[in-house]
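Please go over the structures that come below.
Here come two complexes built around subunit A, the first alongside subunit B, the second alongside subunit C.
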Partner chain A sequence: MADIALSSPGTITAPRRHFAIPAGLRCATPVIIFLLLGFVAPLVTVAAYAFATPRSFAVFRSFTLENFVTIFNPANSVWLSFAWSIFFASLTVLLLALVAYPIAYGLVRVFGKWSGLISVLFVFPLFVSENVRLYGWVLFFIKNGVLDGTLKLAGLVGGPDILFTPGIILFGMVYVYLPFMLFPMTLGLAMVPRDLVDAASDLGAGRMMIWREIELPLAMPGILIGMLLTFVLAAGAVAEAKVLGGQAIIMITHDIEIAFTYSQNWPLGSALAVLLMIIVSGLSLFVMSKLDLDRILGKR
Partner chain B sequence: MKLAVVQPETPDAVEHEAPLPVLQLVGVRKTFGDFAAVEHIDLDIHEGEFLTIVGPSGSGKTTLLRMLAGMEAPSEGNITFRGELINDLPANRRPTCLVFQSLALFPHRTVGENIEFPLKVKKIAPAERKARALELLNMVRLPENYYGKNVMKCSGGEKQRVALARAFAYDPAILLFDEPLSALDYKLKKAMEKELKDLHRETGKTFIYITHSLEEAMVMSDRIGVLRAGRLVQVGTPEDIYNRPADRFVSEFVGEVNVIEAVRSTAGGWTAAEGGAPIELRLPPELSEANRVTVVVRPEFMRFLEKPDAADNALNGAIYNEYSLGSRIQYQVRVGDRTMLVELSRAHGWKGRFDRPVLVGWDAKDAIVVPA
Partner chain C sequence: MEKIGAKRTRLFIGLWTAFVVIVIYLPIICGALAGLSKGRYFAFPVRTFSFEWWQRTIGSFEIHTLVTNSLLIAFIVTIVSVVIAFFGALAFARYQWKGRRLYQKLLLLPIFFPQPVLGLALLLWFNALGITPSWQTAAIAHLVWIVPVVTLVIAIQVYSFDPVLEEAAADLGASRTFILREITLPILWPGIWSGALFAFLLSWGNFPLSLYTAGADSTVPKWLYSKMVAGYTPMVPALGTMSTLAAASLLLLGGLVVMLRRRRTA
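Entry: the complex of A and B
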């Protein structure tokens, strides 16, 4: 800019500026390139594969709807996997909201100086790979494992036989995704000013009324972000059902994995993945649109 | 709405009839760990009065107010409301309502919903709630079409009024104010102070206000309590506080003053502790035995003298600077190594030459003598 200004008398500089790339765009270029290569390109490839000839690698060279015909064929039970995935993801989000709210409330209002330490304890498991942690739970619950073995050693009847059941899958999902619900929720609750709670109480409101009228609506942005995050993650979960559930239930993500690996049917796997993306993002957007965030945030 | 409630002319009138105080504090103390925020407060608050508690930051005034509101329980002592002990009564069951410094308006609710909140708590029907809210909007001089307005889009003064209307909607016997005007600009603040006093007159409710500004307290209050380090140093009418401050702290709190420490000389008269100039003063009876006192002279009682015998006390000095205070001019005069302030009305002021030697003086009757 400086030398343009210096050479300006006589020279026509104004039109040249029209073609100059703005500083913001120039700074964003590395990120844009990275996103194009790392995010958009794979997504486009997957979308293209979804329309390729089944059991082939003829991506970008064929166009057919055969993969979707296979999926929507009622004789095929793949819809069950979709249903399980959505059902488990929804249940996980619901349970997480119930489990995380008291903890988040404690972190913001009750634990005081211990909040930092307790937060770290909740983050700690994230340092260990999810698969390793899940296999840890398998060893804990397995027949003659940590729980069962210890109880038997103590002369008791032994642990419950809950491994490889839908219940343990749900437990695993709640366990793995807890931090992703807890921290947005904590932030949301921390956004509720103490004065407002005091004022509501001073104006005669009881505990329930304060919670319903003040705390919950003002913490809602954080709670919603937590729910959205965990729903998307849980709908894409595969390890919990495979490791803890021992394939008692086949999730859609597991079906996709099988299509890409054992059956070497990339086009079918891609079609399933595209469908899952549409369903999950559609559901999320629908729920978000139903909740008037602006009203909740008071920006109406 | 109750209007035109008969007000006692002076607090003395109330004392004659000796009715039950609306709120009574006996030996109230509040500690946080080892720190005592409020130390042994005894205070009777009369029905319908406007009482202001003034104190610098950290004097414990907010803690005191929170105890009255029921957000803190006293560590020791008793708080009674019309003779009934309310120490442990929670905020939501007390007949008090606090207007917060932050105003604490609910940002996700409209102006109307904010005002209606206490009515909603009482499960009053929506139609009746709205009628009452509109009435309150009128009372705090806000247009009725503000009912549906986003409260966060209101200006500072408007938010102030919404917070007031919400407090009145709760219909408390006592309204508590935690410096709600501190965020407003000077002009609006002055207007709101007067409006608040008008509202006090119109509603006849008991107002307890806390502030760090004695000037603000003077404008509005029937009585003022001065709080220092958790203790009430003096409680009295604005006139008492101004003319008969209990000690140096209170006198300095009222405004800029000249403070001279005086000691009894061997000859029986008084001299300045620093410099040894003779000081003529009138000892109040309670200090007749004292050997050391503090003499407080307000700048407006100081004047420039032609001759040393034109006033009871005269000191030699030189003008260091002058400040315009609007209707008055303040002169800073160096007397020895100390500074004295002299205020003259603009009409009587004169353009001084800096470093010009002057004689400053005051009469003994205009000086306030307080314990050293």
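Entry: the complex of A and C
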């Protein structure tokens, strides 16, 4: 503690104390300590396991790159689950951008006093665990389920067999992660000053031009956060493939889980987790270094 | 021309939003139907409705344990996260200090992290520490994700808070605790309240973290998942629906409190 106090003399903000820690750091201390113990330390443990002897629990006592060699060996199909996860995450981000943009625009510009209520409708599913909601889709699409039954009632052949296919996994991911795209996007669009749009319109700019030159660039920070958030969450998604997909595709997190549970190969699972973490954290830190959080969350 | 185009856009946005809302709630309705139909296997259209599976769910001892676990975790998570996040939010938005930008970004990292992987990492960490996973460790796991979320929720309120008020009170001779009690807390109250609601509800519905860190103990979402994978009974959609309804009532109640309080102060 003494080091911190000496390296950042906060005597201006708190004149009463001699070697006072700045008030901000003092307030941040509980969060920082908690996240060091609860977030950083576990990740360090995983990283340490990634370099341990395969199929052992000799963490911090052995050092080998064997686990990474196993992953990058094309004879193993692990890279395939990586590819599926990244591919599906990218598709999810693209589809969600298209699905969420009109809604976000509506929340900011069109719905007026109804926006609050409509936002609550979109927030609420976050509080219902994803497996319950995904299971609802199983009941919808399953044989003799809601879709099948309704179509038969209407005298048609019955519902299509789309459960347990890759397509339904993608659908499940788009469905689950919608709020994570919608709300950052709404924050972003709320940053676009109305006057600017009106001024451009008065000066004769077309709607396409206003969108391309004003709305999109000014809303970009929010849209970027939404895309980053959904990509990261979707890259680690596993429930969609398990509940809806019937394991038609093995996602990367599923492979990690298998290594940790059935095959009891913690070092291999850790090495996979480390690779996923590098992708995810690298992308997050890169995008976040380009953003000013004060502007996005505060000033409106 | 411009007018008609704008009108058409508004209509499209309204219709699209309505469609997406329906799609969002469709599976929840399907679950409710399955929990309320009589047979062991779900078939649509539902032949006979009954509360049989609801009654069995309510009467089950196993489910009482689950609900107790989930509630206990959610209460602990709410109290701890609101206290830590209150100060965390002041550091995030109120004070200017050297490491603030870095702190803001690091705080977001647990949110920008796949939860199943976080759960597995915590499992390894608890194991390295020699802690047997139980509902207590699950509560810690929830906190790792929920503290940053609540900090953000409260921080948004802090941004709209003018520090001059605190300084004025200090100049007039008010003590630190007096300022906190009479000025800071009442102004930040709506943010703290919604932060607490978020904490409770997110913990209540959390599945991926509980799955890996609760050990032999189970929570409502974890139990539902284990039954979905193997051993389906209509108690699964019945309990799912009950859990959803409980969350909805809490959200309504929370919103009502905010409205009543705002009316009183207005």
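To be clear about the criterion, the second predicted complex is superposed on the first by the 251 of 300 C-alpha atoms of A that agree within 3 Å, B and C clash if a C-alpha of one lies under 4 Å from a C-alpha of the other, contacts with A are read in each partner's own complex, and residues count from 1 in each chain.
The rule we apply is simple: a contact is a pair of C-beta atoms (placed from the backbone, for glycine too) under 8 Å apart; a residue touches a chain by one contact, two chains touch by 3 or more.
Worth saying up front: this structure is predicted, and the values here are computed from it rather than measured.
Student: On subunit A, which partner's contacts cover more residues, subunit B's or subunit C's?
Tutor: Of subunit B and subunit C, more residues of subunit A lie in contact with C.
Student: I'd like to know which partner A:Asp195 touches here: subunit B for first, subunit C for second, both or neither.
Tutor: first
Student: Once chain A of both complexes is superposed, is A:Pro217 in touch with subunit B (first), subunit C (second), both, or neither?
Tutor: A:Pro217 sits against subunit B, while subunit C stays out of touch.
Student: For A:Ser77, select first, second, both or neither according to whether it touches subunit B, subunit C, the two together, or no partner.
Tutor: Touch partners of A:Ser77: none, neither subunit B nor subunit C.
Student: Is A:Gly149 touching anything from subunit B or subunit C once the two structures are fitted on A? First, second, both or neither.
Tutor: second
Student: Would you check which partner chain A:Gln264 touches, where first means subunit B only, second means subunit C only, and both and neither mean what they say?
Tutor: neither
Student: Have a look at where A:Gly24 lands relative to subunit B and subunit C in the superposition and call it first, second, both or neither.
Tutor: The answer is second: A:Gly24 touches subunit C but not subunit B.
Student: Identify the overlap between the subunit B-contacting and the subunit C-contacting residues of subunit A.
Tutor: 297-299
Student: Which positions of subunit C touch subunit A when the two form their complex?
Tutor: Residues in contact with subunit A: 2, 5, 10, 12-14, 16-17, 20-21, 23-24, 26-31, 33-34, 41-45, 83-85, 87-88, 90-100, 103-118, 120-125, 128, 140-141, 143-144, 147-148, 151-152, 155-156, 159-160, 201-202, 204-208, 212, 220-221, 224-225, 228-229, 236-237, 240, 243-244, 247-248, 251, 255.
Student: Hey, which residues of subunit A end up touching subunit C in the complex?
Tutor: Of all residues in subunit A, those touching subunit C are 8, 10, 13, 22-32, 34-35, 38-39, 41-43, 45-46, 49, 59, 99, 102-103, 105-106, 110-111, 118, 120-122, 124-140, 142, 144-146, 148-150, 153, 175, 178, 207, 228-229, 232-233, 235-239, 242-243, 253, 256-257, 260, 266, 269-270, 273, 276-277, 280-281, 284-285, 288-289, 293-294, 297-299.
Student: Could you pull out which subunit B residues touch subunit A in their complex?
Tutor: It is residues 69-71, 90-94, 96-98, 100, 102, 104, 106-109, 117-118, 120-122, 150-152, 166-167, 170 of subunit B that touch subunit A.
Student: Note which residues of subunit A are touching subunit B in the complex, please.
Tutor: Of all residues in subunit A, those touching subunit B are 193, 195-196, 198-206, 209, 213-214, 217-218, 295-300.
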